[in-house]
């Protein structure tokens, strides 16, 4: 599946305008603010697919743990810039996956975040992703690199 | 002027969906998260009126200082609740003003924040609000209580 | 009991140095950052008294809800300022209380926060504070005003 | 130079106790909270060496830009855990460097963050780190891996 094939009716991005609380003392978007926006994009997208990431154990009999997060800063962002997020599937393994979150301003990429998740059974062993989670992940555009 | 008279083409509210990062360990919206949303509502609304609150000195020859902030919690909010903000003018004095921010979920009030500002001249004395700021404030609905 | 009578071996304040993430685009401490520090001061102080505010239902058979929070800004704080917090008891009613948190830099008051709590029974009715919570609150210095 | 050779009188770590605001709806430390703590550790450590990272242009005639940040999660952290940070030098190039921040609870590693910085001249070209910054970086323990 390529990004071009994807037709998803489920909103999988957010738009927001940077405000003073997002910016540091030199007027640039604070490096850490991208992480909560990644999580908001991811969690609300998953919720739109019927999955509450905090209650996967009850819902799907497995849970996911965050192994790593990262963000690469491509362009400087300033107060009142309007950013949009777009989730893409970076990696899909058997028991783990990586979701990226692209931040764009007027279409221009300004930052790319990633969160790596592992899937665990209720007795804390590596376990394959359940069908509902796989279906949601497969609905995402795939990363081009 | 009553709220009913106001016709403003400028968006003065925000909609957002609570995510895990907004909620504390007991699953309820963390009490402090309302403050950055108030500021985002206020700053982006003021910016839509052509005023950058961090550069008022250069723009308008005065600046504002926050004297006090507060938030009253009316209803419990949980992860994935969708909240909307609405700014209202609570008080308009000669050299100071209070802007409130109402948070609603499906129309129901869940929290009310306030920020009190004072207007200062460049030599740090109390000074009346300049016309551009007054015009923006007067475009807000007025608080009913 | 007056503040002068209090001899408490339990640390009830925090020291921290403001960093870039605490400051906004104009180099001043962002107004909202005081709230999480209030909560950290309060929750860790209560924990030092053996009470987990998120598990009071299980521990004490009651729970507390935050009714209101507020912060008054007295002095400007800038990046790298070192602030200390001090909790004081502002009000002690039968079923509610207000804890204030004074922020000082080199002894000088720069901000005063408050959180108002109400005590609720497990069936969500107003209820008196249990002895363990009362004892902890009574160990705090009392507000002078 | 190995970590064993380092004798630094400058505090280069922070201790803090996780509170409710640091934890998400399932009671685990929220993945994003480690980033502001990294920055606080780094900025206050650099400040203790006489360098304000937001004013390097004025102080040293160069500035640094964050290229990437990341955090690997090794152990689960919960509310009231006491964490300590330790900065280590992960990579020192000619015009860039990577500082890691190890988070430990009772000596046990629970998370490792990293921030990659590039050094830029005032006309925004790659430029070598100035002596004062190099000296500070060389005073850090070096990463063992």
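Note that the chains are named A, B, C and D in the order they appear, and that numbering of residues resets to 1 at the start of each chain.
One rule holds in what follows: a residue touches a chain if its C-beta (ideal position, glycine included) is under 8 Å from a C-beta of that chain, and two chains touch if they have at least 3 such contacts.
All values reported here derive from a predicted model rather than from experimental measurement.
Asks: Could you tell me which of A-C, C-D or B-C has an interface matching A-D, in the sense that over half of the contact pairs are shared by residue number?
Replies: Of the listed options, the interface copy of A-D is B-C.
Asks: For the pairs A-B and B-D, output the one whose chains share more C-beta pairs in contact.
Replies: Per the contact counts, A-B leads.
Asks: Could you tell me the distance, in whole angstrom, between the mean C-alpha positions of chain A and chain B?
Replies: From the centre of chain A to the centre of chain B is 29 Å.
Asks: CA centre of chain B versus CA centre of chain C: separation in Å?
Replies: Computed from C-alpha means, the inter-chain centre distance equals 25 Å.
Asks: So how far apart, in whole Å, are chain B and chain D when each is placed at the average of its C-alpha atoms?
Replies: Between these chains, centre-to-centre, one finds 35 Å.
Asks: So which bits of chain A are touching at least two other chains?
Replies: In chain A, residues 20-21, 24-27, 30, 32, 36, 39, 54, 79 touch at least two other chains, as defined above.
Asks: So in the complex, the part of chain B that touches chain A is made up of which residues?
Replies: On the chain B side, the touching residues are 16-17, 19-21, 36, 39-40, 43-44, 47, 52-54, 79-80.
Asks: Considering the complex alone, what residue numbers of chain A touch chain D?
Replies: For this pair, the touching residues of chain A are 24-26, 30-32, 35-36, 39, 54, 65-73, 115.
Asks: Residues of chain D touching chain B in their complex?
Replies: 20-21, 23-27, 30, 32, 79
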